[in-house]
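Notes follow once the structure below has been shown.
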Amino acid sequence: MTRITVVNPNTSDALTAVITEAARRVAPAGVQVAGARPTVGVDSVESHAEEAVAALGVLEQVRAHDAGSDAFVVACFGDTGVAAAREIASGPVVGMTEAALQAACLIAHRFTVVTMPPRTIAHSERVVRALGLEHRCSVRAVDVPVHDLEAGSVHLLGTFAAEGRRAIAQDGAEAVVLGCAGLADLVGPLGAQLGVPVVEGVAAAVGFAAALVAMGVGTSRGSTFAPVPALPGFRLSAVKA
Amino acid sequence: MTRITVVNPNTSDALTAVITEAARRVAPAGVQVAGARPTVGVDSVESHAEEAVAALGVLEQVRAHDAGSDAFVVACFGDTGVAAAREIASGPVVGMTEAALQAACLIAHRFTVVTMPPRTIAHSERVVRALGLEHRCSVRAVDVPVHDLEAGSVHLLGTFAAEGRRAIAQDGAEAVVLGCAGLADLVGPLGAQLGVPVVEGVAAAVGFAAALVAMGVGTSRGSTFAPVPALPGFRLSAVKA
Amino acid sequence: MTRITVVNPNTSDALTAVITEAARRVAPAGVQVAGARPTVGVDSVESHAEEAVAALGVLEQVRAHDAGSDAFVVACFGDTGVAAAREIASGPVVGMTEAALQAACLIAHRFTVVTMPPRTIAHSERVVRALGLEHRCSVRAVDVPVHDLEAGSVHLLGTFAAEGRRAIAQDGAEAVVLGCAGLADLVGPLGAQLGVPVVEGVAAAVGFAAALVAMGVGTSRGSTFAPVPALPGFRLSAVKA
Amino acid sequence: MTRITVVNPNTSDALTAVITEAARRVAPAGVQVAGARPTVGVDSVESHAEEAVAALGVLEQVRAHDAGSDAFVVACFGDTGVAAAREIASGPVVGMTEAALQAACLIAHRFTVVTMPPRTIAHSERVVRALGLEHRCSVRAVDVPVHDLEAGSVHLLGTFAAEGRRAIAQDGAEAVVLGCAGLADLVGPLGAQLGVPVVEGVAAAVGFAAALVAMGVGTSRGSTFAPVPALPGFRLSAVKA
Amino acid sequence: MTRITVVNPNTSDALTAVITEAARRVAPAGVQVAGARPTVGVDSVESHAEEAVAALGVLEQVRAHDAGSDAFVVACFGDTGVAAAREIASGPVVGMTEAALQAACLIAHRFTVVTMPPRTIAHSERVVRALGLEHRCSVRAVDVPVHDLEAGSVHLLGTFAAEGRRAIAQDGAEAVVLGCAGLADLVGPLGAQLGVPVVEGVAAAVGFAAALVAMGVGTSRGSTFAPVPALPGFRLSAVKA
Amino acid sequence: MTRITVVNPNTSDALTAVITEAARRVAPAGVQVAGARPTVGVDSVESHAEEAVAALGVLEQVRAHDAGSDAFVVACFGDTGVAAAREIASGPVVGMTEAALQAACLIAHRFTVVTMPPRTIAHSERVVRALGLEHRCSVRAVDVPVHDLEAGSVHLLGTFAAEGRRAIAQDGAEAVVLGCAGLADLVGPLGAQLGVPVVEGVAAAVGFAAALVAMGVGTSRGSTFAPVPALPGFRLSAVKA
C-alpha cells in the first residue's frame, strides 16, 4: 500500500475534504490518500503574499506527516511550497500543477489551463515556464474566488465551459487543465460539454507520485534539494494586520 | 486491473523479454504488463531510417493488441511511433522518453540523459525539445550498440558510471535518465555509484500510463490525434537491400 | 546539369504530376527535375499514422533513385522521412517545409504557414520548432482534404485568401507559406490578392538543393546522419485493416 | 530625498549592517538608505525551505516600514519574497538579483553570476529564466556558506577570482555578478583582478528603485500585483524542530 | 553631479528639445541632462535604412560629447547605434528601449510596447528578443509618423489609449511602454485613462544610467565592446537620392 | 541569366576580388556574379562601430547597382546592413550569415560557426538568435584579424582546424560554418581535415538568392521592409578622428 498525503495549503476544512475525497475516487489501485491542511494560515491562496503564508503551512504539514507518508502531493495551483517540501520530505513531492501539465502533454498537442481568479494567471505561468511548456500551453482564467468551491464546483460549469470553448477556438486547445484544486467534480461534465479531455491536477499528482514510489525513485539529494541542516521549526500566529 | 501493453519497436525477443520483465517488477499495484514486438522489422533502432521501419511495427502491434489493452507504452528511446499510435489506440499511449523526462523533472532541478549509441543523441534531443526541457536536461551518450543489451546491461555499469560522473560534474546533473530500453538492471547499481537517482523510462511510462487510466483521461480526439479514417493495414516484408 | 528527384510521399499519380510540373516551371537554370512516388502507401498524408507509412515510401524511392540523383526533395508538408532519407541518400536531401520556412525568413520579418487540413497543424509546428522559428512563424489551416488538390488548387483561392488575410491582420504576417505540396498554381493569384509574397515549398526546396549541390556540400556523415550499416530493404503491402 | 528601505531577509544583524553600509556608499545622490531584517527567521537563506521562512520575514518588514519608504530593495540573491512584497508595498520593490542581471545587460554581452553555496544555483537560475536571460547569463557557484560573510568578504577574493576566471574562459563572461548580498567589498578588488566589471545587486537595486521613484512609476495594480484584501498579519515563532 | 548626454538620433531640433526637457523633469536628484543631435542625418527614424544613417549620427555625437559626459542615453526606440556607442564612449551607454523594458519588468508581470509607426514593430521586437522578454512583452503600434510629435503628443492620447486598452484586454498587459521618444507628456494622462503604469524610456534610461555611474560600473572592455583601434571619424553629407 | 551583386562592406579591393572570385567558382549554373565595395568606409569590419560605417556603404552600393542586379548578397559575417538593404533593393537581399546557417541546418543536426576575431562572436550570435538557432548552432572564434585574409586564407588552415576539432568534440558539431567572408579557399582543405562539411556563406547566399529569383519571390513590402519614402542619399567622408 502506498500512502500519499495530499496537503491543501489553505486552512479550509471544507476544501480539504473536497480535495481528499476526489483524490481517493481516482487514485490508482493500492494507493491510500490522506488529507492535511495548515493549522494556521490563509483560507484561500490567490496572491503571492498568501502563497508566502501557505508555503510555510505546507512545510509544517510535510514535517508533521513525513513519517507516515510515502509521498506528498501539494494541492494548490501554482505549486506553492513544493520546492521547499522536496528538501524536507523523505519521499517524493509532486505539485498538482506540474503533474497536470505533464499529464496533458501525454494526451494533447496543445492545451489550456483555466485558472481562477485572473490575478493568479502569473502563478500558473510560473510553472508552465519552469517546465518549458510555453509552446504547448496557454493560461486563461475565470473571475471566481477560490472560496466559491467549498460546496463543490458544478455551479461553475457554464463559466468554465465558456472559457474552455474560447481556449479551443482561439488557442487550439485539445485538452483543458483545471487551474485550481477543488474542481474535481467538473471533470466529467466539462469534458462532456467541451468534447476534449479535462485534466484535474490532484488526481494526476497522486497517480504520478504513486508511480515514483513504485519505481523506487525519490528526490535527488545531489544539490538543489539536499536536506537543510538545523532548520528550526516555525509556528505561525495571526496578528491584527 | 489495468492492462498495459509495452511495445518494443525492435524485433529482438531477448530484449522484449528483458523489457517486459523489468516493467513488471516495478509496475504499480493493480497493473498487468504484457510485452509485444513487431513481426517484421529491425533488430535495433539506432538511426532515423530504422525508426521509420520500427514506427510501422509499433502501429501494427498497437492495432493487434488494442482490444486487450487499457494503455500502451512504447519502449524505444526517442518515442518512435508514439504520435501515430495515439491516433490508432483506444486508450492512452506513453513514450518511455517523455515519461522519463517528466519523472526526472519531479525529482531533480537538472538532469542528463545518457543514451546509446552517440548517433542517437539527436533522437533524444527531439523529445527534449518537444517537451521544452532544454533548460533542465542535457543529452550525453556512450558508444555501445543496442544489441549489447540482450543479455542484460550490468556489464555496462562502468561505462555508464563514467559518463554519469561527467554529467554531474559538467552539466550539474542531479539525476540520470537511462537513454535506452533494456537498461533496467542498471538502475540500482548505477544509482549507488553516482549518488543520484537513476530514472528508467519504461518503468516511468508504465506508472504514468496507469495514472492516466485511473484518472479516466485518454488521448484527445479534438484535432491532432483524431482517428484516421479508412487507414488500411500494412504488412512489411524484408527484401534484399 | 543538376538532377533533383522530387519524392511525393503519397501514391497519387495526379499529385505527383502536379508537383513535378510545378517544380520544373520554377527550377533554377541547369536543374533537371524528376518526380517519384511510393509503389505502395497512402494516397494522402494527413495524420501521424499516414506519415509513418509514407516515410517508408520515401526511403524506398530514395534508394531506388539514388544513383541518378544529385539531390532529393521531399514534397510533403511536415518533411516526412527527411531525416531518414539523409542517412540513405548520397547527395543532400531537402524537405519542402524547412526550405519554405527558410525562404520566408529571407524576405519577411514574420510569416504564416497556411496548411491543410487543421489536424496537421502539429506537423507544421514540429518543423517550425526544429528550426527555432516560433518567434517569426505562425501556423494556420484551412479545412480542405489533400485529395482536393488532384486537379489543381485554383478553386481554393478564396479559402486561402480569407485565411491569409487573417494571418496578415492578426499575426502580422508579411508573407504566406503554402502548407501543402500541390498548391503551386496558387502562388500567383494568392500573392496578387494578398499583396504579400507567397512561398511554395517544393520550389524553394529545389532551389536550395541545387544551391547545396553547386556548393559541393552534402549531408554530414559525422554522427546523426552517418550511413546505416546493413539495413535491409522493406516492401510494404496493404492488408485489410 | 528618496527613502529606500533595504530588507535583508535573514536575521543576521552583522549582515544587515554590512549590506546597508555598502548600499549607502554607492547610492545615487538624493537617496537615503535604511536597513531592516526580520524579527524572527533564519540566519542565512541557502535553501528553498529557508526561503519560505525568509519570505514571510520580508512581508513583515515591508509592512512595518511601508509608511516611511518610497521604495524597497530585497537584499537576498534569488529575490525571495519580492513578488509578494510588490502586493503589499505602496512604492516599487526591486530584487537585488533582477537589478543585477539588468545592470549587467547594460554593460556586457554575456555575463556570469557567481553565487554561493552551490545548492542555490537553482535559485539564481529561477530569476535568470523569469527575465529570459538564459542566452546571456550563466550561473556558477563557490562552495562557501553565507555566514562566512559576516565580517566582510575580502578573504574570499581568491575563491571568487578563480571562479570568475573560469567564467571568462569557459562561458565568455564579460562581467561578473556577485551572487549574494554582503559581497560589496569584493567589487573593487575582484574587478581589478579579473579586468571586467563586477556588479553588486544591492547597489543596482537601490539605483534602479531610485530611478523608478524619480519617474513616478510604481507597481502595476492591474492584475498580478493588485492589493490583497483582508490579509491578516502573521507572526513567526521558532519551535523545536 | 552626474552629467548625462541624451542623444536624439534624428536631426529635429524640436524633438531634441522635447526629449531633453522631459528627461530633465524626471531625472533623479544630482543628474544633469544635456541634449544632442546629429549635424547631418534624417529627421525621423522609421526604417532600417534611416537607422543606418542615424547610427552614424549617434557615433558622431558620442565622440563629440564624450569628454563632458559621465554617461549617454540614446533616445530612439529600437536603440539605434547603442552597441556601437558602447565601444566609443568612456562611460556607460543606455538605450531608451532596453531601459524601458527593464523598468517595466520591475513593476508588471506582462506589458506591451505601443510603438509608431507599424513598420517599426520589428525594431522593437529586436530589442525584446535581445533581452529575452518575448514571454512578458508584446509589441503593438499606432499608425502615426514620428514628426507628428514635434509639438508634443497630447493630441495622440485617444489613439494611444485605444491601443493600450486592446493591450490590456488581449495581451494581459499590466503596464504600457511608450514606443517612441518624444511622448513624455503622454505618461500622466495615458496612465490615468488606462489605470496601469506608463513607462517612458528616456526617463528610465536616464535613471538607470545614473545608477550605473553611482555604482562605478562601466561598459565591459573584455571582448565585445573593447575599444576600436584607429577608427577614423566620418562626416556624412546628403546628396540627391 | 540571374545577375547577383555581392557587396563586400569593407573597402579592401583585395578582399572584394577574393570574395567575388570565390562566389563565381561555386555559383549555380545561370548565375552571373559581380562584386562591389563602398567608396569610403573601413577596411575591415570587426566591431559595432565599424558595422555602422559599413552599413552605410552597403546602402550606397545597393543603390548604385540596383538597376543591374536581380538580387544582392551582403558578404560580411553578421549581415551588416541587410535589413536596410532589403528596403532599398528591388530584388531580394541575402546575408552570408543567414544563408550559411540555413544551409548548415539542411545538412547537419548541430554545427558551429568559427568566426574571427573573438570580439565579433556577439555579431554572429545576433544572427543565430534572429533565426532562432541557438539550439543547433554554437559560435567560436579564432584570434585572427580580417586583413590577414587579403592574400587568401590557406595559411590559417591549422588554426581553423584546431578550433573545428574542439567544436566537434565539445559542441557535437557535425558541420563547420566559416565565420568571415574571404575564407572560401579553406572549404576544401578544412573539410578534408575535419571530416565534416564546411559551409561558406557567400556561396550559400549566392545559391539561395538565385533560388529566390527563380521562384519569383522578392522582399515583402507588407510592413517591415516597405520602401522608404524620400530618403536622401548620403556620402561619407573620413575625417581625422
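We just call them A, B, C, D, E and F in the order they show up, numbering each chain from 1.
By definition in this document, a contact is a pair of C-beta atoms (placed from the backbone, for glycine too) under 8 Å apart; a residue touches a chain by one contact, two chains touch by 3 or more.
Keep in mind the model is a prediction, meaning the values are calculated, not measured.
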{"item": "Any chain in contact with chain A as well as chain F", "value": "B, C, D, E"}
{"item": "Chain pair among D-F, C-E or D-E whose interface repeats that of A-B, sharing over half of the contact pairs by residue number", "value": "D-E"}
{"item": "Longest centre-to-centre distance from chain A, chain (CA-based)", "value": "F"}
{"item": "Identity of the chain that, by mean CA position, is farthest from chain D", "value": "C"}
{"item": "Distance between chain centroids, defined by C-alpha means - chain B, chain C (Å)", "value": "30"}
{"item": "Approximate Å spacing (C-alpha centroids) for the pair chain B, chain E", "value": "51"}
{"item": "Interface hub residues of chain B, defined as touching at least two other chains", "value": "86, 109-110, 121-122, 129, 134-135, 172, 223-225"}
{"item": "Arrangement of touching chains [line / ring / star / complete / other]", "value": "other"}
{"item": "Complete list of chain pairs which touch one another", "value": "A-B, A-C, A-D, A-E, B-C, B-D, B-F, C-E, C-F, D-E, D-F, E-F"}
{"item": "Residue ranges of chain F touching chain D (in the complex, touch as defined)", "value": "121-122, 125, 129, 134"}
{"item": "Residue numbers on chain D that touch chain A, as the complex places them", "value": "40, 42, 46-53, 55-56, 58-59, 63, 81, 83-84, 86-88, 118-119, 121-122, 126, 129-130, 223-226, 228, 230-241"}
{"item": "Chain D-touching residues of chain E, taken from the complex the two chains share", "value": "1-2, 26-31, 86, 92, 94, 98-99, 102-103, 105-111, 131-136, 168, 172-175, 187, 195-200, 203-204, 206-208, 210-212, 214-225"}
{"item": "Complex contact set, residues of chain A against chain C", "value": "109-110, 135, 172"}
